[in-house]
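Notes for the one structure printed next.
Letters A, B, C and D mark the chains in the order given here, with residues in each chain numbered from 1 onward.
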Amino acid sequence: MRRQIPFKAILFLPVALVVGIALMLVVSQKSVKAAPPSGGGVTGIVKLDGTPPHQKPIDMSKEPSCAAIHKDHPATTENVVVGSDGGLANVVVYISEGWSGGDVTPSSQPVFDQKGCQYQPHVLGVVVNEHFKVTNSDQTSHNIHPMPKPGGPNHEWNKSQPPGSPPIDAVWPAEEVAIHVKCNIHPWMSGYHVVVKTPYGVSDDKGSFKIENLPPGNYTLTAWQETYGTQTQKVTVAAGKPATATFTFKAK
Amino acid sequence: MHDTSSHAVAHHGPPASFIRKHIFSLDHKVIGKQYFGLAFVAVLVGIFLSWLMRLHLGWTNLAIPGLHLLSSNGAPGNLMTPEYYLQLMTMHATIMVFFVLTTAPFAAFGNYFLPIQVGAEDMPFPRFNMMSFWITFLGFIALMSSFFVGDGPTLGGWTQYAPLSAIGQAAGPGEGTGVVLWAISITLFCIGQLLGSLNFITTTLDMRTRGMSLMRMPLSVWAWFITSVMGLTAFAVLMPACILLILDHVAGTSFFVPSNLVINDQLLPHSGGSTLLWQHLFWFFGHPEVYIAIVPGMGIVSHVLITSMRRPLLSHRVMIYSMGALAVLSYMVYGHHMFVSGMNPVSSIAFSFPTLIITIPATIIVLLWLGSLYGSRLRINTASLFALGFISMFISGGVSGFFLAQPSIDILLHGTYFVVGHFHMVMGVAAMFGIFAGTFFWFPKMFGRMMNETLGRIHFWLTFVGTYTIFMPFHYIGLAGNIRRYQAFTPDYMQQFIPVHKFITVAALLTGAAQLIFVYNLIHSRFWGKPAPDNPWEATSLEWSTPSTPPPWNNFGDKMPVVYHDPYQYGVEGSTGDYVMQNSPERIETVRDEA
Amino acid sequence: MAKLFAVTIIVIAILSAIPIVRHTWWTSQDISTHGAPIDEQMSETMAESGILFLASQILLAVFIWKFSRPRPGEKIKSFPGGAMGLVIAAFLLVGTEVLALGAFGAKAWASIYFTPPGANAMPLQVQAGQFAFYFRYPGPDGKFGPLHPDLISEANQNIFGLDTEHDPDSKDDIVTAEMAIPVNREIHLLMHSKDVGHAFFVPELRVHQDFVPGLDLSMHFTATKVGRYEIVCTQLCGLGHYNMRAYLSVFSQEDFDSWLKKQATFQ
Amino acid sequence: MATTIHEPPRIEKIGDSSRARSNSGNGGWRPLVPDAGDPRLVQEYAPPPASTGIWVAVAGISMTFAALTSALVVRKGGAPDWRHFTLPSILYLNTLMLLASSVTLEIGRRRVAVFMGGLRSTAASPARWLYVTLALGFLFVAGQYVAWRQLSSQGLYLATNPSSSFFYVFTAAHALHLLGGLGGLGRVIYKLDHLVLRRSTLDATARYWHFMDVLWIYLLLLLWMKL
């Protein structure tokens, strides 16, 4: 029949569509494997000298489910988080010189959680090619938008995560200190990814940090804080004897 | 070769090869069918997208099985993300407005029947006509391909307001490559329709057969002619606007992007552009565009209805003048889309009056249909049911225009579901009813087979009741302040609308499913339908006087028709019954215009 | 079939009209001083177009019912008055209707948009951005400090881009995420957008205006009823459009003063 | 219902004098088919759709440039960032070339008309002047390109300033349409060589070319005043 051909052509379109979609779904994934290093480490503390800047409270009334979480402890900005003893939290201390141990093995898959319309942790340290999970514990959609330097090896991405959807598996292919992360839906949400090639530690509420599994040697440590920038310090790690380091940032 | 050797017909001989016959055909009938096929594919995609959107609006946290197959970023864990909803919405609107409501009633039926109805052998520029379709097709491909680029199609709505659409990825997912593809697609579409309009206008002016005076052209021809004049002016404005948008997006110019925009805490490099400029350019096209979608429907419905009523309209001329008035006024009213957009408030009033006045020709058109129905001998079939349904829909959608024409009421209704209900009824569903009426009416001529009448009626009933069930509630919740283009209803006062949305979703799914009856009917009848006689509806216009059904490649064989009568000579005492065909030389007592 | 169709049209028309007549869903209660003419215009238009809607649908149905089964041999009849009659009817009926609507509507519109704000109007600035509204009160000095778009940092909650170190006028400015206004006091709202187009819509307040990037617009209004309302965005502004909203609290003057004082401590 | 009997084919009395003298002898509004209805005879009488088509195309293109013009006026009004610059002087030379091309085309068109009129004794190739027009057209486009290079060497690129943006957009849009005209001209020459050229095609192409000319003068004035 001479008229059958156009009809078949119509049928072909959805088939082509389906095939096209299937092709789009082929996702390649890399895995990280390296030999476990051993040895000592560096412990230390990060302090803030001076009066910490005022952290403005965040009014989340437009997102009631988040506002409810912060009912008793109002959420504030987290540019400078200072603990009781002047310890400075959310500082990433990493080895900027002297590391010769090759690729670092991640101990467990880090999680970058969104809870109460804030990022937990506020600063996430990861090593290059380390897979980390982005999860959403809120009752609202979030939008994760890390903004690496344009033109660099790390590419900006921007994905939404409705409540209840599976974690996003992400990875940074190159070193970068630091990548600002924002949520497009909630403008106040702000966090950082610090991507390093070497062992690192992130300071806790008291300002103390710990870098483990360092072979003996001379190292240069760099501490990065989102408001105050970086400081460096040289340390020597002897066999079986962890080194200590103290960083002090000056409040402006 | 001689000075006067120019000839209006026979620009091409019968097609020889398969490709020339079915793919790169110069035959206006094949091109019309290609447009019909394009619109058919597009409408299926559009309905599918609306299903996904409706499911999400009814049950926001519902995981739609398999959705992640369409877009892994847009639907992680089968849950629709906010941007994916808006992307689906934008694509639904763009596909429906451009590739369905413009292509089907105007480009598809117009291409097929305009030359036949004026007694021409073909369009005067068949190569342009072929290009017109294939450029439009490329535009459709460009639009669909945006589903497969990095961050998916654009989410900016079919209006693509700058600067959201012009600043690129910075504005969020769905504002990257998708916008460029959208703008390319619309630019191509404009070029395609400009070429089409060129052919339509020239055919109507120059290619009429002997005796086919302007006033003897059927109303469908008049509607297509008026539409193509509108298209020529409207698409010629949208095209450069889209190109400027692409430049802003890609080349860093600042036509539409003002200074000092801060996104993600970063100052954008643009400066000095005017965001209202885009709105003016867009709506100067955008408002005539809705008439481009509906006027062919009016022509088709008049044509079908007159045949079913067995009498001409009370006045052929008044109908033509009213459609012409709609076209002229449509350029003066576009500002009513921008009442609260920061335009000078004086111009709001200036735009309000023509908008209100445009209801007068629209009312005259409706009254002409109603008045002509009086005392007619109405034959009920699927085509006439859809034509009557069109009138009902057009009335329902039209009265809400009184509200939206007034800037003071627009304060309450701008950007609400009231607007969504209004345009879905008046230009969406009504135009679709026009397409359905045209399909049932002309299918026998296009494919040589009758469509199944029983299935047609079942489809009509489900669609008629279903569309009212979907779109009437839109008006109610719009009145109460439900904002459109929301993927979920977070404001406290909108919680009360969620049950209504659930109801609408169920209605929309059922009505959408009812369209499968039409799909089945179309495909089944295409191959296995009853063979059609040459003039199944006992109609008078020239398309029913072709020597074969479907018509031969040159429409009328070796003998061009000569026209002796006004187009709709029904209710007369002719030798064949109560009608006399336009090209029948017999003497009759003619029906006269009553204006 | 035709009779069933006629009945269906009438049933649909009546069912469609019921929620409107019963006000099942209706515009929210007006709390503004300027809203009355809008509401009046709304009910006028509703009545007139409702009558048109019902009349024409019923006419359509009746004609379908009556003329779909002609007796054999019956001649076609013409509508009394013919096309000219219909045209005249359309011009007289709809023409006068739309002119009246247009004239009264223009008056309502003019009463809102063509009047300048009073001298005592309280200035208040609103900035729209993806995807939240933020508000700024001038503080005790009554002056807004200048804006520096390059200083905007949402992470530091410097939403407006104020330079409190160098601009003395900015020091006492109060920035909030909720809007609060005193009742029965005219507000002069200064609007600008930080990024793309947005809109400011408070249904109860009968206030609706787009933010146009690159343009500073202003509106003025007076709220007459204490309560908590919502401001929503009606202009598609990106993926978080649905979530762009803020609360509007209308307080008594005392409550407003203490609210503002409390907000000042958060700066 | 009035009573008349047998209305013969009505011939409309739309008195458009320019159409009345159209070469088809009956005017574009009244395509006549002999009573026998033989389409082969139609060729003698039917009007040239190309002449109508070209006016429709001119209307559409005018609309596009009107839209761009209004964009320029709106964008310039109240924009503090508008930077004036002097138009590259080669534009004036280009203008002369384009004007000259219109003259040569008109000469060519007359020669071809005479040739088509049957006076084949004219020894010279009738296409000669058309080739000259074609060459001038290409020179114009090349000249426009030189103008672009001049601007970019001054550091004025597409995105530098709205004034330069509009300059590039306008000249590029015009050049694209002109290239279309060159294509049409090439087609005319090809058809002439193969003796299949229709008078209406020649006339339509010439009209389009003159329109491009007028459009360019308009654009030059606009750019000269506004930039």
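One rule holds in what follows: a contact is a pair of C-beta atoms (placed from the backbone, for glycine too) under 8 Å apart; a residue touches a chain by one contact, two chains touch by 3 or more.
From a predicted model like this one, the values you see are computed outputs, not experimental measurements.
K.L.:
Using the touch definition from the top, list the chains contacting both chain A and chain B.
P.N.:
Neighbours common to chain A and chain B are C.
K.L.:
By count of C-beta pairs in contact, what is the leading chain pair?
P.N.:
B-C
K.L.:
How big is the gap, in whole Å, between where the Cα atoms of chain C centre and where those of chain D centre?
P.N.:
Those two chain centres are 49 Å apart.
K.L.:
Suppose each chain is reduced to the average of its Cα coordinates; what separation in Å results between chain A and chain D?
P.N.:
61
K.L.:
Using mean CA coordinates as chain centres, what's the chain B-chain C distance in Å?
P.N.:
Chain centroid spacing, chain B to chain C, equals 29 Å.
K.L.:
Counting only Cα atoms for the centres, state how far chain B is from chain D in Å.
P.N.:
31
K.L.:
Touching at least two other chains at once: which residues of chain B meet that condition?
P.N.:
Residues 81-83, 172-173, 259, 265, 272-274, 276, 488 of chain B each touch two or more of the other chains.
K.L.:
Where in chain D do residues touch at least two different other chains?
P.N.:
1 - these are the residues of chain D that touch more than one other chain.
K.L.:
Hunt down the residues of chain A that sit against at least two other chains at once, touch-wise.
P.N.:
141, 143, 160, 182, 184-185
K.L.:
Quick one: which chain pairs are touching?
P.N.:
A-B, A-C, B-C, B-D
K.L.:
Which part of chain A faces chain C closely enough to touch in the complex?
P.N.:
56-63, 77, 79, 140-141, 143, 160, 180, 182, 184-188, 190
K.L.:
Going by the contact rule set out above, which residues of chain A touch chain B in the complex?
P.N.:
Residues 1, 3-7, 9-10, 13, 20-22, 24-25, 27, 141, 143, 145, 147, 156, 158-166, 168, 182, 184-185 of chain A touch chain B in their complex.
K.L.:
In the complex formed with chain D, which residues of chain B make contact?
P.N.:
It is residues 1-10, 121, 124-125, 194, 197-198, 201-203, 205-214, 216, 232-233, 236-237, 239-241, 243-244, 247, 251-255, 259, 271-274, 276-277, 280-281, 284, 554, 558-566, 585-592 of chain B that touch chain D.
K.L.:
Write out the stretch or stretches of chain B touching chain C in their complex.
P.N.:
Listed in rising order, the residues are 81-83, 86, 155-157, 159, 161, 163-164, 167, 171-175, 257-263, 265, 267, 272-276, 309-311, 313-315, 318, 340-342, 345, 348-349, 352-353, 356-357, 359-360, 363-364, 366-368, 370-380, 385, 388, 391-392, 395-396, 399-400, 402-403, 405-412, 414-416, 457, 464-465, 468, 472, 476-477, 479-481, 483-493, 570-571, 593-595.
K.L.:
Which chain B residues qualify as touching chain A in the complex?
P.N.:
18, 22, 33, 37, 40-41, 61, 63, 69-70, 72-73, 76-77, 79-84, 148, 151, 169, 172-173, 264-265, 447, 488, 523, 526-527
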